[in-house]
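What follows is a structure written as structure tokens; I'll ask about it next.
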Amino acid sequence: MSGPLLSVERLSVVYPGPRPVTAVADCSIEIGRGEVFALVGESGSGKSTLARAVAGLVRPSHGRIALDGTALEGLRGQAARTARRRIQMVFQDPEASLNPYHRIGTSLAEPLRVRGMRDEPAIAARVAELLAMVRIDPALLDRRPRALSGGQKQRVAIARALAMEPDLLIADEALSALDVSTQAAVGALLRELCDRLSLAILFISHDLLMVRHLADRVAIMRGGQILEQGDCRAVLDAPAHRYTRLLLDATPDLARGGIDLEAEEALVDSEGVMG
Amino acid sequence: MSAAPALRVEGLSIGTASGPESARGLVHGLSFSVAAGEVLGIVGESGSGKSLSALAVAGLLPEGVTVTGGQISVAGVDVLSLAPDARRRLGGSGIGFVFQDPLSSLNPVRRVGTALIESAMRHRGMGRAEAQALAIARLADMQLREPERLVDRYPHQLSGGQRQRVMIALALINDPPLLIADEPTTALDATVQRSILALLRRHSAGRGTILITHDLGVAVSLCDRIMVMHEGRLVESGPARALLSAPAMAYTKGLIAARLALAGAAS
Amino acid sequence: MSAARDPWMRLGLGLIATLALLALAGPLIGFDPDFIRLRARLLPPLSPGYPFGTDHLGRDIAVRLLIGLRWSMATAGLATLIAFLIGTGFGLVAASGRWPVAGLVRQVTALAQALPVFVLAAAIIAIVGNGYWAVVTTLGLVTWPVFARVVAAEAASLFSREYVLAAGMMQMSRTRLLVWHVMPGLVPSLAVLGAFHFADMLIAESALSFLGIGAPLGASTWGAMLSESRAYLLTAPWTLLVPAGAVVTVVIAFNLVGDALRRRFA
């Protein structure tokens, strides 16, 4: 078990059509247990598509995705389901992450029932345990999602994912829609769960400050390709790629007094508006 | 007239008529002013009342939400006492407004230039040719390439950053004394955000500018002065750098710490 | 909660409840809608014993209206139910995309939608003969694509909702996903559509009866009443206006409810 938990090898995702779009091109990453791996990029960089391919929501065109050395693509039937259950995901929009018709307790018990738990007291006990893990007041069990704040909804979504006892948790911009102080708290929760449960987390984000705070390793994506990857601090403190530098310069870092708008290149952006 | 600040708000209260009695007040006795040439940042989390206050100034409050007290004067004109049509004229020429989502604020079936040209014709009494020339000049001011071709494009043919530049051009076409930008870069990528902020900085000379944002880092980058709002009330305000380095209130300290902690981890 | 406070919703529901009660109670009053009294021909409304007046054969318009209400509500209700069941089934199959029949269902739905519904219904009934079951099944069978289209679109968007994706990642079975997560999400739009469809079906049924190919000849239905009264529009306008008003009332009631539901779910 010394190999990486997840290994993605030369993965490509091409969306078919009259003009096929290559969303992910020849990307390789590895994530170990107890590690937060951040995928950073702007819109259209392919970071979400790569995450969705790992989650099994998008079919890869080429390449291999393996969990503990076993390729997911080759698995069929029960073996495929068992392997897939080890990967869970938390999505960006807290408003859509929970079924609006179900009470919080129902949403959390659902994965337990899917996994075959039938003993009601045991289900209730496990739900209480999950709530404690994400620090949600048990009084909220009987509420529906609309009575919860955005941060609470994301915590419940994390708890629901944890109910499957995953080895890999994918957080796809899971903090982006939250208020600043809530972001920090939910981010800290992710880090804590990663350390405590030896969970591997694939953290998709455009927020370099949060990435620098949370992640062990980082990959910078642009146009479907990984430009550079490595130890988080090493990459962000001494970027090898010009684009990484551009991203860092555009990050509103309070410690540096915000973004430097006076610099010559401030008016140029990645969309190349100015010639 | 020139002595009057671009915007003066005194004791502004905003409320709604529906819902439980205790939740009807949304903004409580807010006072602030913006001088010509100054950029004011209004920073707060969701529900702080920052956007409502800006919408009240522009007369754009949603249905069911009203100003329940206080005074608003734009360049010395008391806007709350204006007749509705005078208020609309002010909205077209006295206040420029930039929204978060440029795609939903541009009419998808009309060419990009149309709104610019019509606004210049209506509020400046220009002829079509003159208005078209002005529209092209404004788009060029926004660092947009080939503005003479751009006027004939449709919003969906533009990138998000280009659309927001068009929105700023539209907000500034009649040289308003006050520009309000409500989360103008929240939907944009970081590099695009940086260029839009630089653009706003460039065009802030001579007019009052208000930037509404949830991101202190963005506010500090652009603004001379920052006011922090929480639950409909002013928490504190002051020069941007001073507020950042020596916040007086616990709430502000918390906001700053939430972001600084992230950066601190790296060093 | 908010629906109960919506005055239009309450008005619409109140009207529907009253109409439904009247439709159920109709036969109990014991008057014969076909009882002819030639001495009491074309009495205006509010005549003693005849609140809505009488028609050209001296039949009590109020009694005929009541019997016609029963027919109209039953036809529109059952036609809507048939369209709903077929349409929802096909819509779900089309949206699920997995089963190989999905593509076929999509083609059939698109084709069925392109057909002129009313002309088709009239043609079918002309061939198979009229009567209650013929009208009900025909209307249901030609209008289900409306439901199929809405369900397919809504379900497809629900399938890409985050909470449905998350449930899918738990490797939940597709059937359970459909029943547990997707179908409850369809209720709002189906309720709105159902209310409007009921009104459409009532109009369609009246139109068929008006043309003489709906209810059996001589039955007291609103469409037939309208058709028979055409000649008396100028001399005894109530014979036409009363059944017309009845159709409009039911249509408005269902539209009020449909609109209120749409406002509530929007």
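Points worth noting:
Letters A, B and C mark the chains in the order given here, with residues in each chain numbered from 1 onward.
Quick note on the criterion: a contact is a pair of C-beta atoms (placed from the backbone, for glycine too) under 8 Å apart; a residue touches a chain by one contact, two chains touch by 3 or more.
What you are looking at is a predicted structure, and each value in this text was computed from that prediction instead of being measured.
Across all inter-chain contacts, the pair with the most C-beta pairs is A-B. Farthest chain from subunit B, judged by C-alpha centroids: C.
Here the spacing of subunit A and subunit C, counted between their Cα centres, is 48 Å. Here the CA centre of subunit B is 50 Å from the CA centre of subunit C. With centres defined as mean CA coordinates, subunit B is found 33 Å away from subunit A.
Residue ranges of subunit A in contact with subunit C, taken from their complex: 55-57, 81, 84-85, 87-89, 91-93, 96-99, 101, 107, 110-111, 114-115, 157, 160-161, 164. Of all residues in subunit C, only 161-163, 165-172, 180-181, 184-185 touch subunit A in the complex they form. Residues of subunit A that touch subunit B in their complex: 42-43, 150, 179-181, 183-184, 206, 208-210, 212-213, 233, 236-237, 246-247, 249-261, 266-271, 273-275. Per the touch definition, subunit B reaches subunit A in the complex via residues 45-46, 143-145, 159-162, 165, 189-199, 201, 214-222, 241, 244, 254-256, 258-267.
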